[in-house]
Amino acid sequence: MKKVMAAIIFCNFVVSSAVAAEIKIGFVTTLTTPAAVIGEDMKNAVNLALEHLNGKAGSHKIEVVFGDDGFAPDTGKQVTDRLLKQDKVDIIAGYIWSHVLLASRKSVLDAGKILISSNAGPSQMASKLCHENFFSASWQNDQTPMAMGEVFNKAGIKSLYIMAPNYAAGKDMVAGIERTFKGQVVGKDLTKWGADAQLDFSAELAKAKVSGADGLFVFYPGAASGAFTKQYHQAGLKDLLPLYSVFTIDGISLPKLQAANFSGIVGSKVTQQWDPSLDNQANKKFVNDFKKQFGKYPSFYAAQSYDTINMIASAVMAVDGDMSDVAGLRSALKSANYNSVRGKYSYGNNNFPIQNFYLREVVEDSDGNWTTEVVDTVFTNHQDPFAADCKLK
Amino acid sequence: MQNILKIKNLNKNFGGVIATKNLNLSVLDGDIHAIIGPNGAGKTTLVSQIFGQVFPDSGQIFFQNIDVTQISEYKKSRLGINRTFQITSVMKSMTVSENIQLATDKIRENSLNFFTTFTNKNYVLEKVDFCLGQVGLIEANNQPVASLSHGDCRKLEIAMALASDAKLLLLDEPMAGLGPSETQEMIALLNKLKGKQTILLVEHDMDAVFALADRISVLVSGEIIATGEPNNIRHDSKVQKAYLGEA
Amino acid sequence: MQFIKPLKFFILASLLVFPILFNQIGMSFYLDLATRLCILAIAAVGLNLILGYGGMISFGHAAYLGLGAYAVGIPAHHWLYGGLDFLATTNGFVHILIAIAISGLFALLTGLICLKTKGVYFIMITMAFSQMAYYLFVSIEEYGGDDGLVINTRSEIPLINLDDPIQMFLVSFSSLIFFMWLVHLITKSNFGLILSGIKDNEARMVSLGYNVYFHKLIAFIFSGIICGFAGVLLGNFTTFISPEMIDWSRSGELMFMVILGGVATVMGPLFGAIVFVILEEVLSSITIYWHLPFGLLLITVVLFFRGGLSSLFSK
Amino acid sequence: MDYTLLLIQVLNGLQLGVLLFLVASGLTLVFGILDFVNLAHGSIYMLGAFVCASLTYALDSYLLAVILALPIIGIIGYVFEVFLARPLYSRDHLDHVLGTFGAILVIDTIAHLIWGPAGIAIPLPNYLDGQIKISENIELPTFRVLIIIVGLLAAFGLLWLVNFTRLGMLIRAGASNRTMVSALGIDIRTLFAIVFAIGATLAGMAGMLIAPITEASLGMGNNVIITAFVVIIVGGIGSVKGALVAALLIGLIDTLGRAFLDDFFKIFMSTAAAENSAPAISSMSIYLIMALILSFKPNGLFPPRLR
């Protein structure tokens, strides 16, 4: 016991004396459980961003400490506390999952630090729980399905069957689609989520099939996406019940689906605020180098993580490395004055982005790999519907 | 003398197999009353019914004139019927003393005493010493039961039965598994109790039974075919035919 | 009959002094670690009462931790956001009372059914009930469902400020000492003697005239209440509660703390919690594959150190 | 109610049930005969899925992969028995739980190291990838029908093995009386190892059958192991027949609960409340059933006669 304690003290002194001059970013993501596939993509993108920055923001070295949330809110909160108290990071970023972010939020904000979400955008944190020190580098959960609802209206789809996991983001996605979709929702299933998520959807798909809906709208991120897509394919629903999804078919699931040859999904459409084919300098560099280094297209998680690091770097430069100047950091972040891979965007009063949403289609690229490309712009400079409920000006 | 235990017209069926058939039995207060019978005669079933682990199909059991037929096991024990088992059954991980403490009424009556080391400590410890003295295990007081020999475990069981102040003690084959010398010790021990303790003795060892019993009942195929003093039983023709003759 | 031997006293003293020392030199993280350790150790002490001393292997004790934590979270939630006025409070004593009442009631109701079964059936049915509690909280949207509930205000207790990490730690530490002492007393009492008797030979205890079912039920309720209290501390410590904390794997962790430390010993649960929490912390900060050495260690302990870690000390 | 939908859901429940049986039967054999609690049984199910996935890509054939993977899993089960299970037989259940929990952590992490965190999708040959028309308006995915058939065949095969063969007789005898089997001159250790390997193979087979539907993924074993335990507890530990009945019962309850509970709840509560509580209550249903059955039959539906 004493020895262990002594060892811990020793390690801590060594580490803390070596890194005193650096800027430390805590990055919370999922590195274990099947959802780690997302976490690794994000980690790769973060490391790529650091490489592009030469590990520096101006003259200040940046170091990223990764934390594993284990796909569970309480573990996520625990690891956030550790990053704050043990690793003494200057800023906390990351978070794939809305419920993990909601659980961890208080620790970071109570410590007076800046919190940046690289993915999760729960409605609560856009409205009554909004905070001047919290920024989203992604989107508010409802926005992407809202864009999808708009697509449905244009395409003349009258009735929908909806499936999503039963957690914060799943509920937001459902709410989002219902916000803009003008037709009728004929059925809805919320399935078990978390470390032991439900992966066999036979009962739900059978219900969807007989519901007589014009389309099936789903949200199954990460490891569940492959399982869902396969079962949709095996159930022979392709012609009966066209599939529309958000955050389900992405750079992570596409290579796997291609390896298993589910050609049915080529041509399917999704909405997103970013796409590898977006034509801007930052995006081209990011996508090319990512492909070169990791042999596949980056996912939107990767794009947002890449943005997160660049966004932080821009703020660090603005305050010239003085991380105690929280007000300075805040105004620098709020200006979004960096080269985002999604192109130029701005922040609303609740610190969520006001940005474009695109309709993307799954295609085969010139090398024969499956990817997506932009076919239409659904929303231009779209702000999330919760901004008005946030007290911030 | 009066009856301490009276059984009236007891019947028990196990899926068509008759284990107890119209059985009547009276045990007199203060007696050592033995039940003998060939294997499969229904001795164990009878003991289980008296003690409450098995309930009879019909008939009644009276203990000190109280109908205890349908009373559950632990409650019968509290009324004063105590038993030992064919296969030694003691708390092996505990000490000899603790085993006997658990058998005393003062521990049982204060079973919900959570926070103090046990009440009536002196009373209980004196009782432990007394009972261990009776069976000659006083030396083993603080030894773990696991370290005792088989014979000593059987003695411990008798000591536990004594500690419980049982009015009726059911001894289910106390000589089972004992060597010749240990059997002699056990007989001597039970002899010491003769007259002080009512005992219902179920036993295979005929020498032991005839040396100890005041009265003997013979059980064959679930029925009592004879009850009487050892000498009468020894010379009873029915018994000789059904049991001793074949043994 | 000595409650604490010198070596053990030394360990307890270190557990008290070092975290505070670390905190004073700016390493507040270790204070948090020690607080978490104390809280989990209390739950392990509670579980040990029935698992170690009573031989009832409960695989569902995380449910009581959860119930205790929700007993803080739900009143605090209503206090902040309105609704259910009779519940809305931040008074710590009320939280503790609710936790004790609810966990006691849950133990009573489930115990009535669980204690009819034995062995592995008992293990599984206790797990089934805790899973039901898990899904119950998942289904209550008002309290966050799957996403959990952020506890915005800690329990208020006169003279004590739980927002101060040192006070939070001291409260947890002294509660741990109190419950270790309490369980020690119980196991040395008549009731404790009877409980050990039941663990050893249930049939014999019945024939000695003990109402075994009733005594087991009492121990089961006691154990649940201790874990419920630990839950109150846990809720105040993490300021967040989610159904995930009730999941069967958490019950498993509690069990492992007890077995790792050594069942039916006063210090066992504490040793188990110390080793568990520190290993988890040290290993997981080294590698995300920390489950591998951790698993190997568990297997090694089982195969080669029978009787858990406290058997190493008692020699 | 729509009877076509009901029938489809019953078939879906049947499919879940037979998969549960494959996992639970091995568990109940090992539990009933060896008196060994094996939490790591689910990890073997997961290994079955991963090994099959790797082989499918290596051999370019799902069927060949399954045929080759089955004996591999059997051998893994045998090795597991010799090194971890055997030394623990004489210990109590607590040690079994702790040791095999350690094994879960080790096996899962090794799988993470070998196959990475991403699941592996298994492509099916075309003739298994379509749908079968069962009647005018009932269509089921071919592969799910195949699972039901294979699962039922395995179930009846196992029942036949246990009830009508010499090995089965020894297994049943070993469950009730170890010394007697030893007295017959049978090496009880080999018998136990064979039982263990059979159990592992069945669990691995379940993993291979589910993988083309849900992918081979980390943690899939831990999801199934608890449900499998519920199955053997409800069925009665050691009873293969009980495991079959309970697996089908629980498969049906789980599937039908997911399918119809929200519509049922909507009868007496608001739509929003029904949509929120139905998923949780249906997940709870199997535990409710277990608690209910155990409170009336504390040793399960088919308690073994001798223990």
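The first chain written gets the first letter, and so on, giving A, B, C and D; residue counts start at 1 in each chain.
Convention: a residue touches a chain if its C-beta (ideal position, glycine included) is under 8 Å from a C-beta of that chain, and two chains touch if they have at least 3 such contacts.
Fair warning: this is a prediction, and the values are worked out from it, not measured in the lab.
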Neighbouring chains shared between chain A and chain D, ordered by label: C
Lowest number of touching-chain links that must be crossed from chain B to chain D: 2
Which of C-D and A-C has more C-beta pairs touching across its chains: C-D
Chain located farthest away, centre of chain C as origin (C-alpha): B
Chain C and chain D: spacing of chain centres that average the CA atoms, whole Å: 32
Between chain A and chain B, centroid-to-centroid distance (C-alpha), Å: 75
Distance between the centres, which are taken as Cα means, of chain C and chain A, whole angstrom: 36
Distance between chain centroids, defined by C-alpha means - chain B, chain C (Å): 44
For chain C, residues contacting two or more additional chains: 138, 145, 291
Where chain B touches two or more other chains, by residue: none
Contacts with two or more other chains, residues of chain A listed in rising order: 31-32, 36, 166
Every chain pair in contact, whichever chains are involved: A-C, A-D, B-C, C-D
Contact set on chain A toward chain C in their complex: 1-2, 4-5, 8-9, 12, 31-32, 36, 68, 72-74, 77-78, 81-82, 85-86, 98-99, 102-103, 105-107, 166-168, 193-194
Residue ranges of chain B in contact with chain C within the complex: 51, 73-75, 77-78, 82-83, 85, 89-94, 98, 101-103, 107-108, 110-119, 160, 164
In the complex with chain D, residue positions of chain A that touch it: 31-37, 39-40, 166, 188-192, 195-196, 199-200, 202-204, 206-207, 210, 223, 226-227, 230-231, 233-236, 252, 256-257, 259-262
Complex interface listing, chain C residues touching chain A: 11, 14, 18, 22, 27-30, 32, 138, 144-148, 150, 152, 238-242, 244-245, 274, 278, 282, 284-285, 288, 291
Residues on chain D engaged by chain A in the complex (per definition of touch): 2, 4-5, 8-9, 12-13, 15-16, 57, 112, 116-124, 129-131, 139, 141, 143-144, 210, 212-215, 217-220, 222-223, 255-256, 258-259, 262, 275-276, 279-280, 283
